[in-house]
Each structure stands twice: as structure tokens, then as C-alpha cells.
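Think of it as A, B, C and D in the order they're written, each chain with its own count starting at 1.
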């Protein structure tokens, strides 16, 4: 079994229980253990009984803000546990008019970064039985014995270059803040790709995108994908061909990424949700990097009052065309 | 299935010389939906148009493609012809096979396939055309002018003369604005009041003009032709019908306050008219300084007023009125130079701004028209004028040139010499800018005939020494540092936008530049229009400008307003954006990019899980939309589309052009 | 490239789609015609009201359907008929251009130009230039829809 | 950008100071504000003018850059947001380096000297006398 952050969980539990029973919220969005010990899935708690399943551990990667889109149709007032990325997702939804601030209570959980099960097993080099964590160290227990690894080495890809582990918007902060972090390697893969010759780069993406099943899990997980009807499903016009082929896969992924230009909060849920491990975050990060270079530093989701860069302009903006 | 007719014009040999018409006709017959194809030597001629009309009727065509010259040339002609044959005029598309094909390609082999591709694209597009209507809206035949300075007065007179009713809203108790504060005007040295007062009186007496003074515009709703405006009339405390303007009230009033009109250099009474020629000549009570309003005692004015016009009970009033057009002419302010420590403005009575100095010449001004030092009442013998205070200053002031200072400084130096013949003027300048009729000659007269010393350079410090002010500056042309023992210093402070210009812009719905001057719709071709149809700008609220330019611009704005009011109904743009509200998720990115404020949001109700839910969606006002289509790109789900250039149509054109070479 | 195309480079002639705004660039194209300038017929113009109308998806569609190059032309920044359309398109298309390059397109395949209605000569020159660049690059196979390969 | 016609001195000065003399429109406010013009042979605005025109030799012979007290009044007053004091420092540095070249470096000093001399003096010395 994974170690639960028992002390923290008690704090969280007490805080939300009071609000749920007291009627401040009608539903709590949290996490509960899934089928496997290394899965923590969304919990939809309406009552005290449901709340008993609440968990808080190193596998609570799922972005809960995204679930507000559906749940707000059925519940008047919803409490959500938000990590740094979930809170910036909430700002994304708020700025896009998808949620009403006064109908949501945000419980802020500064986040230590979530662990990557695939990385854990790969590191253990055997089927894992359980893990234990202490002071930034993870003990991997398997049939092959115990192995001790630094926690930082085992983080999900999306967590490795996280700059804002602390929620940027909340009603109650339940845990101690961890402070902003540097992310020096955030654009490393993007830069590597940029340096390739065009044809090689195309071949790279051709290979990656050829795996795409067009299951649209990336879209479902994404806080910036909040359209009522996504372009891929429209018939009039039919933007996206239904055929399962390279050209259409490129179209989908380029347009998906482009729709996040200036809006993507870089939570990495798209990539985490992808069943075939397409490095989708690089497409999003490429856009973030370019927009920052061209139009000034901007982190989407930090402040819902700042207009996304593609909705505004300056008369003397630079351009990326061969003629300036 | 569409029934499209294709008509190809030879344009003499202009098209037929480079495009094989027969081949193009053959190809056109095979385009999807095309049931008829024909050609003619000059399709735009009457005979050519008849050919199209007859074919529409005979073949029951429901849409038309013409392969002709540019749509910018004859699209209107052919749309009209289609309409005469009973089609909606927007069921026609033009393939530009002349300017974009036959004229730029060398021979038949090059021109023909391209012409066919362009015709195929037009046929693919027209198959998706829908009938469109231009929105029609009635025009309220009344104009609103905001601001009663020379710009507002001129615009109002011009509109009134054209036969339309116009309301002028002025914030101050009297119209007149900045020009009323001036003694003389350059370059003719006309007395400002002598040319302005008749205009003020004309405005007041014109049957088509209503002056609404001591009032402010609070809210503007609606759109071109139908602006619904709320105007707040501040309580004047005087019944304007009874008041005869005799002036007894302000003679007797015991309470005083700094005079705004005299730039605070002298005092006025709590009941006052701002200046003797005020229009209307009806005083107001400044309730903040009135003893009765402050302490509940006094009422001398009411007791003394012969027609008993004083009314302490008067309340602010809101007027609600509809206007067809609005002219914004709210003028400018003068920068307060106190932030420039080196000039010592505000710390010495003989360091003045130009507007303050101007008042010294005026017979009703603070010195009764005597040009004297405020410190000791002696006439100044040496006056230093400093240019570009806060102008051309990107570090601490405004990056722009205020345009009028070079000229008013020359004027003031000349006036000074006339009032104080033994006075000597010095002007510190960076560049002398005198573009304007008679301006250069005027400035040269100052230098040559009035002995004004122009020093190219700036001033680093001013400090008092005995009775004098030492001006420490530099003359860059001689490369010498100079110290001038002056009696008075006049600062040409920058002309800046009114402090509340952003607020006015927000209320009226027009945007401003980074200095808060209102933006014209096009810097060259639409100098008085704004991005909000039906709202025009005039005068120094757009940028610093002198009186001739202001009056010219006011006339231009008036003509635009008259042109609008002369129509009974307005025909709007037919190709406007439209929202699919079932799909719209309400993110309102479209609203953010719309340059015309044509997109609003509304709440709609929707059934979900047996319950009604409210939801925000975007809505387009077709009267305001100009059809740029920027919103349709900001919308990720394509829920807002542009009629006439829909997503479907453009994709169909792309497909048609690419599919066959 | 995994997709083999039937058209070999010998008989190949590039197809270039140019989206032109109605008020400046399309009119610039008209002027090029009126002045009897000449440029290659490879360029086919689609008229849009404003470069701000240009949805990047139109560009991708053109590549899917076999365009070898795409050009967007609009009024010079500051001169937009709708005042702000090209300011928006400058930001949108700059980030989009970088994105398609990141996907592996050569920079020359997608370009944006500001051409005023008085710049007939510039219009013709730009059409000539982009055609030359695309000819040098050869046919575009990237993102091309395999189903359209047999089209003549 | 048009190709620059700036001389080496101006380019080096610009690199050192981050200030472009072409931003100046010669209003001469700096000269009017400067407290030490009495001791100068060229007025401050003239120094910028010379930089604009690339009059290197004349500048090299001028006392003004050396008289400048770096009081920054010119920078505080400049309406074009230029920092003339920095430009002056840039001119001085370029001149010094040209004149003095690699006069001495860390290797020329004994360990005792290096230990004894204040850090600031060392840094300043190397900046001036070591390219």
C-alpha cells in the first residue's frame, strides 16, 4: 500500500466534512483509491459516508477542476480540492466563463508533485508491491527486495517542471505552502526539437502521432477544452476528417494545441491522459515558449483577470514572419 | 441541389485574349451544381445583364457565378441584376478572372486553367450561399454634441443650420471652453472673445440648438441612429426662466472660492457666472462653498434677486433622450508642471503656465488686463518663455509634440511687447514648429520685429535671487551656458487629454490612444469617425490642435452627422457575424476581439436533467457588426460564423482550388 | 516520408493558395492586374474580408488538400480597414507559423505578408517570390491527405 | 534595421553604457542641468552631438568626459530617457582601454598585493587597464 499522508488527510477531511455537513457545499470533489493501490481516482462525495473514502497521497494527479463543468449542472455549490495546477485550471475555466466563482469553494493543497507508476516499476525493475515515502525518499518494495530512490526522480512528467505547486486561487489553504519553483528544464525537449532539421522534425511527429487513436482523452482531461461541441465532432463544417490517417492526426493535434495558444496552463493532463504516450505537452509548451518570447512573459491561469495574449495586441508587436 | 448558372465575360479581349472561354465554359458545366453556362463579350453592359436575367428565369437558376473583372469593380452591378431577376442579391459570386488572371498571366495555357480554378472555387462557394438581408434601422433625427467649446459650438451650428435639432451638453456653467480663456488668437491677433462670443450667442439663440450646460452625459446605450442617452443636469439652484442675468446675486454674495476660469489666480463668488460673456448668462450656486448649503444661513442671493429666481431646493435632473448621431468634442487640459522640480512652478508667484499668463492680458482677468508680476504688481521687463514642458518628453511627460505652443508663445511675446514696450522676451526652444498658414511669418515677426530672443536649448534650473528669478539654461547654438535674470517665467506646459477622457470614452464607447486622446477610425481616411458607427470626434480631444484645425474638424464631424441624420433608415452590412447559441459555450472571446462593440452576451434558458438552467451566450448586434470576421477565428468551436464568408464557404473554396489542378 | 505521392517532381507545378484581405491585399492584386504586371499562375487567391478572418484551420486544410505553399496577405499593421483585425492576425498567425514549423513544415511553406492596395508591384513580387521558393523546395508531402493523391 | 554607420568608439561606448546617442534630439537640457559646465570645454549635449557625428578625435581631446562628476542630474532631466552619465563613463572606459591597453592583469600582482588591496580597487583597476 502507498503511504497516505495521514496527518494532512485528517486536516483535509476535517475541513471539508464540516462544510459538507454544514451545507456550505453540496458536493466535494476529491480523490479516492481506485482499483489498484497506485491509482487515485476522483471522488464525488455527497455525504459523510462518501467522505470516508477520501484520500490524499502521491497518486492524486487527476485534475479535479475539469469535473466542475459537468457537476455544476447538478449541484448548487461544490467544494474542490485543488493542487497548484488544479487551481490554475480553475482560473482557466473562470476566465472562459465556464464556472461561477461563487458556486465553488476551493480548498488549496500545496502539492509535492505526483509519482509516475510506470517510472516506479521501471526503476524497481520488478512488479511493485508497495512504496513508502519519507523525507523526499521513496522506498520501492518488490519481490526483488527494497530499493531506495530520490522522490524527485520518480515524479510524473507533468510535475517535473512544475513552477507553481501552491494553489494560486483558493478559499481555504489547508496545507503549508511550498513556494514557487524554478523550472530550468521546462523547454528542454522543445528546444531539442527546434534544433532538428524540418524533415527530421516532421518524421519525429509522424512517428509520435501515428500512434494516436483519436480517443480524445487529451481533450477530455484538458481545462482549456471546454467547448460545448468540439471542432472534431462538427459536421457543418467538417473541420476534422473522420479517417484514421496521418493527415487527420496532424490536423487534430495541431489544432488542439493551437486552441490552447495563450490559454494552456501547462498542467500536462493531456499527456498524462494519453493512452499511447504521445508527448503532447511539447506542442503546448512550444506555443507557450513562443508567445512568451514574442509578446512578453505570460503564464495562463495565474490570474483570471489578465487577458490571454491572443485576445489582445500591441501596435508594435513583433511578428514571426520573414517580413517584419 | 443548387441550380447554379455560370456566366463568363470576354471583356473584349481583356479576358478572352488570355483565357480560352470555350474551355472554361466546358469545364464550368461539370462543376457540381452548375446547370447552365454562358458567355458574353461585355457582361457588365445592359445586354450582358439581360442575358443573366433571362437565363435566371429560363433555367430557374437559384444562384449565379460571374467570371469577370474584380468584385471590387462590378460585384454591385451584377448583384443588382440578379436581384432584378428575383434572386437575393447575395446569391451571386464573382470569379476575378481579369485582374487576378488574364491581366497577369501571359498566355492561354497559363490563364485558362487558372481561370477554371477560380470559377470552380466561386461555384463551390456559391453553392453554400444563403440569402442575406441588410439590417434596416430608423434614424432618430437629433444629434448630441458633448462639449461646448469652439469645436462643439461650431459642430452644433453646422448641424442646426442643416435643419436638425442638436443638443449641446457642457459640463461647465457656460459654453465657450478653452477659447473663451484666450485673449488673442494667432496668427492674426484677433481678439478671441470678439470672434467667439457671436458664435456662442448664435448657438444660444438658434431654434435648433438646445444648450444643456452644467450637465454631464452619464450613460450611452444603443447604436448608430438610435443612441439612448442619459444626461445629468446638475442642480443650478437658479430658475433659468426667471433669471434675467442682472448679476445682483453675485455682487452681494459673501462667500468666495478660487475661480476655475481664471486658473485659480483669483476668486469668484459661491454664486457666479464663470466669465462676463457667459452663455447662458445664468449663475450657478457652487454648493460646496455656499454659506447657506454649508451652514444653513445667509440666503442673501435669494433675498436680493429681483425676479426671485434662486431656488435652493432644486435637484439634479436626469434627461433621457434618443439621438441619431453623437459628436464628442471634450477638449483638452494643460499639464500641471509642478512635477518638474527644476522649474519651481507653484513655488513662486511669477512662474506661470502659458494659460495663466494669457489671463493677465485679459481686461476681465485677475489683473484687469495689466501685465504685471503677481508678486509685486510691477510690469515684467524680462520674461523667459520655456517650450516643451512635458511635451516631447518620453521620460517624464508626453512623447508627442503639443503642436500649439510654438505659436502661442510667439503670440504672447508679441502681446507682451505691445503691453510693456520695454520688455524683453527670451524663448528657450528645442525646435520651432510653425506649420500652418501665416504661422512661419508670424513667428519670424516675433523674432525680427518684436525683439524676441530665441535660444535653442533648455533650462536646467530656476531659482529666486532678490527680486528676480535666475533662469539657468543653455544656448546650444553658441555652446554657452546662460543665466538670465528674469522678472517672470512662462511655461509652455503640454496639452494633455482631459483627466476623465477614459471615462468619457467608456461611456460613449470609443477608444483612446496611450495618452487618452480619442482614436479616429482611420488616421488618414476617417479622421472624424470613430470605431463606433454614429459617433464622431472633433477638436483637441483627438489630439492637440489649434483653433483653425479644430473648427475645420468640427465642420467635418458635423457633415458626417448630417449625412447620417439625412437618412430615414440606415442599411447595415449584410455580411455580419451570427452566433449559433446552442453551440456557444459563452467564453466571450469573440466579444474581446470585436472592434465595434457589436457583440454582447445574453442569458438563455436551457433544459437539462428536467430542470431549466440559465447560461450565458454571445449575441451579435447586426447593426453594429461591420463583418471583419475576427470573432469567428477567436471562437474555437466555430460557434460564431461570418455570413457571406462562412467557414463552410472558405473551406469549400480551398477544396475546390486544391482538388484539381 | 511514408506517403508516396504519384505526382513526380518532373511534371510538378506548385499550387499556392493566397488568402487576401478584401481592402488592401486583394486590391493590391487588382492593381497588379490593372498595371499589367505578371506573376506565376500557380498562385490562386481566396478573398476574405480581413486577415483577421483567417482561421489557421483554413491553412491546414489547404496543406491537407495538396497546396504546396500558403500565403496570407493583409493590410499593413495600423492600416486595417477594421482597425484591429491585422493586429490580432499578427499574433495569431505568428504563433501558428511557429507551430507548423515545429510540426516539421519548412518556414517557406507558410508565410504572411502585409500588402497595401497601392502596392501592386509588391503583390506581384511576393507572388513571384513565394512561387520561386516553393519550386526550390519541391512538392509538399507533409500533412497531405493520402486520399487526394490521385487527383490530376 | 539599417546598417549602422557608427564608429568603433561609439559602438564600444554603446556596448558599455547601453545608451544609443541617436535617441538624443539635442534639446541641451543636460547642459542646462549640469553643475560642472564651468569646467568643461565641451558642453554635455555637445558630447552627445560629437558621438552622433562620430567626431572621435575631437572627443579624445576634450576634457569634458573627465570633468563629468557622474552626478546623474543630466539623466534625471533628459526628456528622451537617455543616461548621459553612463555614456560619459562609457567614453572614459573606451578611452582608457585604448590608451592604457593591457597595462596589468592579475598575474602582475603579488599574492600579498592581491590579498591586501580592496576588492573594489582591483575590479576597477582591471576594468580600466585590462581589456
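Structure notes:
Simple rule for what comes next: a contact is a pair of C-beta atoms (placed from the backbone, for glycine too) under 8 Å apart; a residue touches a chain by one contact, two chains touch by 3 or more.
Quick caveat: nothing in here was measured; it's all calculated off a predicted structure.
The minimum number of touch steps separating chain A from chain D is 2. The greater number of contacting C-beta pairs, out of the two interfaces A-C and A-B, is seen for A-C. The mean-CA centres of chain B and chain C are about 36 angstrom from one another, to the nearest whole unit.
Between the Cα centres of chain B and chain D there is a gap of 47 Å.
Residues of chain C in contact with at least two other chains: 56, 61, 78, 84, 88, 92. Among the residues of chain B, those in touch with two or more other chains are 593, 634, 647, 651.
Looking at which chains touch one another, you get A-B, A-C, B-C, B-D. Interface of chain C with chain A (complex): residues 1-3, 56-57, 60-61, 64, 77-78, 84, 87-88, 90-108, 111-114, 142-147.
The touching residues of chain A, when paired with chain B in their complex, are 73-74, 96-98, 226-231, 234, 236-237, 239, 259, 307-308, 310-312.
Chain D makes touch with chain B in their complex at residues 25-29, 31-34, 37-38, 42-43, 45-46, 73, 77-81.
Residues of chain C touching chain B in their complex: 13, 15, 17, 22, 26-27, 29-34, 36-39, 41, 44-50, 52-56, 58, 61-62, 65-67, 78-79, 81-85, 88-89, 92, 124, 148, 151-152. Chain B makes touch with chain C in their complex at residues 70-73, 96, 98-101, 103-106, 110-111, 113-114, 117-118, 121, 521-523, 531, 575, 593, 595, 626-630, 632-634, 642, 645, 647, 650-651, 653-655, 657-661.
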